[in-house]
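Attaching a single structure in structure tokens format; questions to follow.
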Amino acid sequence: MSISNVTSPVQLRAEEGPGQPVPTPELEELYRGFERELLVPLWTEIGDLMPLHPQSKARPHLWRWRHLLELADRAGQLVPVGRGGERRAIALANPGLGGKPYATPTLWAAIQYLMPGEDAPEHRHTQNAFRFVVEGEGVWTVVGRDPVPMNRGDFLPQAGWNWHAHHNATDRPMAWIDGLDIPFQYANESQFFEFGRDAISDAEKTTPQRSRSQRLWGHPGLRPVSQPGPRQGSPLLAYRWADTDAALTDQLELDHEGFPGVVEPGHAAVRYTNPSDAGDVLPTIRTEMHRVARGTQTTPTREVGSSVYQVFDGSGVVSVGDSSWSVTRGDLFVVPSWHSLSVKSEAGGSDSDSGALDLFRFSDAPVFEKLGLHRVETTA
Amino acid sequence: MSISNVTSPVQLRAEEGPGQPVPTPELEELYRGFERELLVPLWTEIGDLMPLHPQSKARPHLWRWRHLLELADRAGQLVPVGRGGERRAIALANPGLGGKPYATPTLWAAIQYLMPGEDAPEHRHTQNAFRFVVEGEGVWTVVGRDPVPMNRGDFLPQAGWNWHAHHNATDRPMAWIDGLDIPFQYANESQFFEFGRDAISDAEKTTPQRSRSQRLWGHPGLRPVSQPGPRQGSPLLAYRWADTDAALTDQLELDHEGFPGVVEPGHAAVRYTNPSDAGDVLPTIRTEMHRVARGTQTTPTREVGSSVYQVFDGSGVVSVGDSSWSVTRGDLFVVPSWHSLSVKSEAGGSDSDSGALDLFRFSDAPVFEKLGLHRVETTA
Amino acid sequence: MSISNVTSPVQLRAEEGPGQPVPTPELEELYRGFERELLVPLWTEIGDLMPLHPQSKARPHLWRWRHLLELADRAGQLVPVGRGGERRAIALANPGLGGKPYATPTLWAAIQYLMPGEDAPEHRHTQNAFRFVVEGEGVWTVVGRDPVPMNRGDFLPQAGWNWHAHHNATDRPMAWIDGLDIPFQYANESQFFEFGRDAISDAEKTTPQRSRSQRLWGHPGLRPVSQPGPRQGSPLLAYRWADTDAALTDQLELDHEGFPGVVEPGHAAVRYTNPSDAGDVLPTIRTEMHRVARGTQTTPTREVGSSVYQVFDGSGVVSVGDSSWSVTRGDLFVVPSWHSLSVKSEAGGSDSDSGALDLFRFSDAPVFEKLGLHRVETTA
Amino acid sequence: MSISNVTSPVQLRAEEGPGQPVPTPELEELYRGFERELLVPLWTEIGDLMPLHPQSKARPHLWRWRHLLELADRAGQLVPVGRGGERRAIALANPGLGGKPYATPTLWAAIQYLMPGEDAPEHRHTQNAFRFVVEGEGVWTVVGRDPVPMNRGDFLPQAGWNWHAHHNATDRPMAWIDGLDIPFQYANESQFFEFGRDAISDAEKTTPQRSRSQRLWGHPGLRPVSQPGPRQGSPLLAYRWADTDAALTDQLELDHEGFPGVVEPGHAAVRYTNPSDAGDVLPTIRTEMHRVARGTQTTPTREVGSSVYQVFDGSGVVSVGDSSWSVTRGDLFVVPSWHSLSVKSEAGGSDSDSGALDLFRFSDAPVFEKLGLHRVETTA
């Protein structure tokens, strides 16, 4: 086989440069030999392959929620949901990633939309997933036949290889965001997918206010004696907004009283955790909710790995690397690997308004922590 | 040194028996030689030392709460609380353990009593401890300067080496039970103790409804981003009854609806866990709350290690080994190692009464699990 | 920003197909809207993005050692080693991976070549690396200033972020293979690189037969009391062939005597492990040596993740997916994710020849095991 | 039940003292009430129960090997080995522990003796055990039907619940020491015991130079691919003296060359580890070999938990707490919890003699480390 069969071969050239050999006909001949044998030397590639620090292909970028919602609404009218297409989900395609539906090199982020009365069919996959609801209500996600309500502020993890479907029980459409590790599993070729039932049962179309998983696992510091060991992927299928809001409020009040708990002054944050092992809620994805009090600017920080944020409430200014945007509810933005992030909430606001900027975040940090590759640095 | 200097020496005798040598003058002389050199042969001791299964020195025993309370109340009048004595705590002394204040070979259980306005002085120790409140209110336990309210049904862990004091903020006495690993640490000689301040500050005598630890760690499935790693001993300093009760109610309702979650039909149970690692709330002590629905008998079960139970609510009949007692609120009983336990709640009861039997339990199971020595067996 | 700025955008088309919407002008308009907003729908991409099982972009492929060695030898004459180019390493470029120097989507494999008296300059990087010597001797790799000899059959791990250089102390060139997680870290954007000293000291140019790391960590079942905890990446810097050979010989003899230990009859295998935690020798890379006894065919097996093999000794036939090759000493081949592998050693051979086929293997399995994504299946 | 039924009751007395109530008739009456209800107050016991630091009941003590050996030899003539007595083992009885066969509160240490041609019958127990050979040879311990040779310097772990027997294949008696966690499991009531076959088979009476376990697990840094996970208790059944000696020699040479590795100058030490998880060789017992170079005095150190040492070679002076002894080959001594230990090897010695003092050590440290109770302190 000659290398000419290969897509986009690296055409080796004898170039001048630090540590490069002198171009000669013999060197050209050697490089042709490499190509014939499907070989590439390190010395011509090392600058790109082994940079001094991460050089993300992804770019900082902002997607406006109102644009996403308009397009999703239009898709609701034109595109059916059913077996084959599986979900009416529309993904963020980072402008640095060649038009692929990747928010970052490892993470998928999409708006999903379900019309009144619609169901999305059951399937399962090794990709780890979650839903987060920035506004709206009325859909129950049915996980392992357990109907789980979805309401504004709720975070719903969906660990790999669990059967799941969705059901809109109301007469109004509902949108939310999905986060998955599709790009990571695609690049690493670890993914499996299985179709389930085309329709869920009537028993699964009930609309309880609390899922069975919440009833078993949603009590603070308590676990069922019948379930003693760790489980891969959280057995708690929804983290309700009332709890998250209370935790953030408590942190800021402790900060105000002079006690520790916040990440930094005026900046509260909670991490969603798997109650069976206290680790990240999904094996490959970390999820958090941050609250930046009125008039606060967070310390610029960069870390290995990428994040996607969605503004849950409030407004402010976000700076990622050299980019900067004013953001408001629902807007999504990407922080590529080793790009500095700082967030500034609004200084003003009426008395009846908390003025806080609430940011939902997900990232690929668990991958790097488990493999000993994580680094964080404040860049102030 | 001759063995006669030694307390209670084993007087070796040349006895007949399986695997025993024939008694002769030479053998007697050998045994005298062993004694001189502070030696003991295995072959005469193996039956006691290495039994076929655990032969607990502890005995099943029941202590009546009303008797404990009367004596504690009397102690409140006669015995001051202060530096030196440290606590007005009165411990259960298992009748098999030689009069020592040991509920079991590893566990200490005591009733503690604090008079109106009294404080117990600050100290810390490596012994892991907890409080459980079967009735009453008005005391705040001050842990690391964080005042933690104590109310009926609350469970309050107190991991080793944390500073702590108690403060009765009301005009009524209050009693509760303490559980510690004093016998375990005493036998294994691992204990340290340090005196703290004789008096806590006014700021620590405030009476908040929620401790700072609860505000940081008491939200289900959420942890502060500022506190990412595991902590030895739970950072959550109180598990409130409302949560425990809801969790048990949920389990029995799931059971009633045909879904899994209970330990066995009619028998719900939750384990108190450390939210920083999802393991047992204390390194050496496991704690649980069990609810046995009206008219239910639990499957006889025995396990390695010992437990102490307190009836939190309801009444019923408890069988431990060959013993059996009718029990009611506050009563405490001991289950020695490898003794079978079965519990039967009352069958009748008025409609307004749930009829359930609620049992608080603590045991030394974490020790055996971590050392690979745990066994459980149903004996039905 | 319009999507036309983006490299290789996915041009969305309204196509017919299962689960696809009916093509209409309105749908085309919607898809144009997606492109403007940098969005891609799931329903057109799901078949590729979320396949039923891994569909590796990599292809099974074989590289002949004699060709690699000829080209490396020629590079030794034409290409200097020094700062900037760093190493005279020539990488396998899988024909399915677009000409990139990737053996598989996650793994780099290269032949490295050092001329008589040459040094490769010191550097460090987060990429995890190892060397394996199929033939030759005379180079010492200097890791953290500890000179480690490299001889036929030796395996030398080089965990991320350790300083290292190489020194050829002889008058003959030497070649070996390097394995790294460059593609994995490149895709996931976690890599850091730092230049060290241009020249190592005379003390580091000594040529001990045993490295200091081997003297500390190379004793079976023993560890220095001064080094009690786990270390990320093995502190043992060389696994010598004599030990590996003895372990494989022992396994086959146990098999012959009827005792367990081999992977399957006639197939012995050892895994190189980190003696500080008994896990894989590198956080992202698993390495093993397999010995297939004369006339044995291994059970076809496939697993998630990819492997690279080098024939260390013997000859036989290897089948990977639909490909099959006769292989001999030094040949390298790739097993892409979820491709079945079976190996057959030669049946004949002279009496003086063991006839066994020895295969060195490295894979990305630790990544998948740590993230809960590993699967293995025999496909017989 | 009245407390008079109880063995050795604590007779509570109204005493004067810090924190003690004023003795009055009412107080006496209260104390009588406690006794009736099987209760003991904390305030009279706290000084003993919760001391400022461990106050070991065990005493430092030395047993001379020549005395042990003489008595064991005499027992060899008078006491048969067989079912019921099980083993001809003679245990150290610490003079502070009431004549019980306990070297320390948690550890058993005994000399075991097997006459020419004798077998000790098969059994198994949850107690973790090991053998260490200070001199002699000729016995094979048969563990899980695998005959394991025992020679001078060999350390042979025997994790709980493995079947084992012993076989003397020679015409000479052999002695060695046994270490077990009998006192720990006795106090904590976790022990099970089961009788096996009275006689082992002829196949088990073979006398291989290497056990099957050594052939599978005795290769440095290598593990069988067929045995991927951790195992409770080491699967390696013998750690041979040649390896231990080489590791200690290497450490002292590295020290001499100016490189790290020793515990402190002139003091080398290795820990026996489980090759399946790199942790302690037994779940409850840590074992180490220390070598103190000629003319070296070790830094006084104390730690939580107790140790037993046997002099393997050389001679010197040992100081434990306030005791001090000259020791020589085979002598055994005890270091109680939180007692300072320092060892001094001989300064002189002939040129042909290394002059080093080799000390085998076992301790209960894993118990305390797993439960968060371990502390070490140098007391220089």
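Order of writing sets the chain letters: A, B, C and D. Residues in each chain are counted from 1.
Please note the rule applied: contacts are C-beta pairs under 8 Å (C-beta built on N, C-alpha and C of every residue); 3 or more make two chains touch, one makes a residue touch a chain.
As the structure is a computational prediction, the values presented were derived from the model and not from experiment.
A.B. asks: Moving only from a chain to one it touches, give the least number of moves from chain A to chain D.
C.D. replies: Counted as steps through touching chains, the separation is 2.
A.B. asks: Once you count every C-beta pair in contact for both, which comes out on top, A-C or A-B?
C.D. replies: Output for the comparison: A-C.
A.B. asks: CA centre of chain A versus CA centre of chain C: separation in Å?
C.D. replies: 30
A.B. asks: Can you check how far apart chain A and chain B are, centre to centre, with Cα atoms defining each centre and the answer in Å?
C.D. replies: The answer is 44 Å.
A.B. asks: For chain B, what residues touch not just one other chain but two or more?
C.D. replies: None at all.
A.B. asks: Where on chain B is chain D touching in the complex?
C.D. replies: 1, 3, 5-10, 17-21, 24, 26-27, 30, 33-34, 37-46, 49-58, 61, 63, 67-68, 71, 74-75, 78-80, 82-95, 98-101, 105-106, 110, 125-127, 160, 182, 184-194, 232-233, 283-284, 304-306, 336-338, 364, 366-368, 370-373, 375
A.B. asks: Help me check something: in the complex, which residues belonging to chain B touch chain A?
C.D. replies: Touching chain A: residues 212, 215-228, 230, 234, 236, 239, 243-244, 246-247, 250-251, 253-254, 259-263, 269-278, 281, 288, 290 of chain B.
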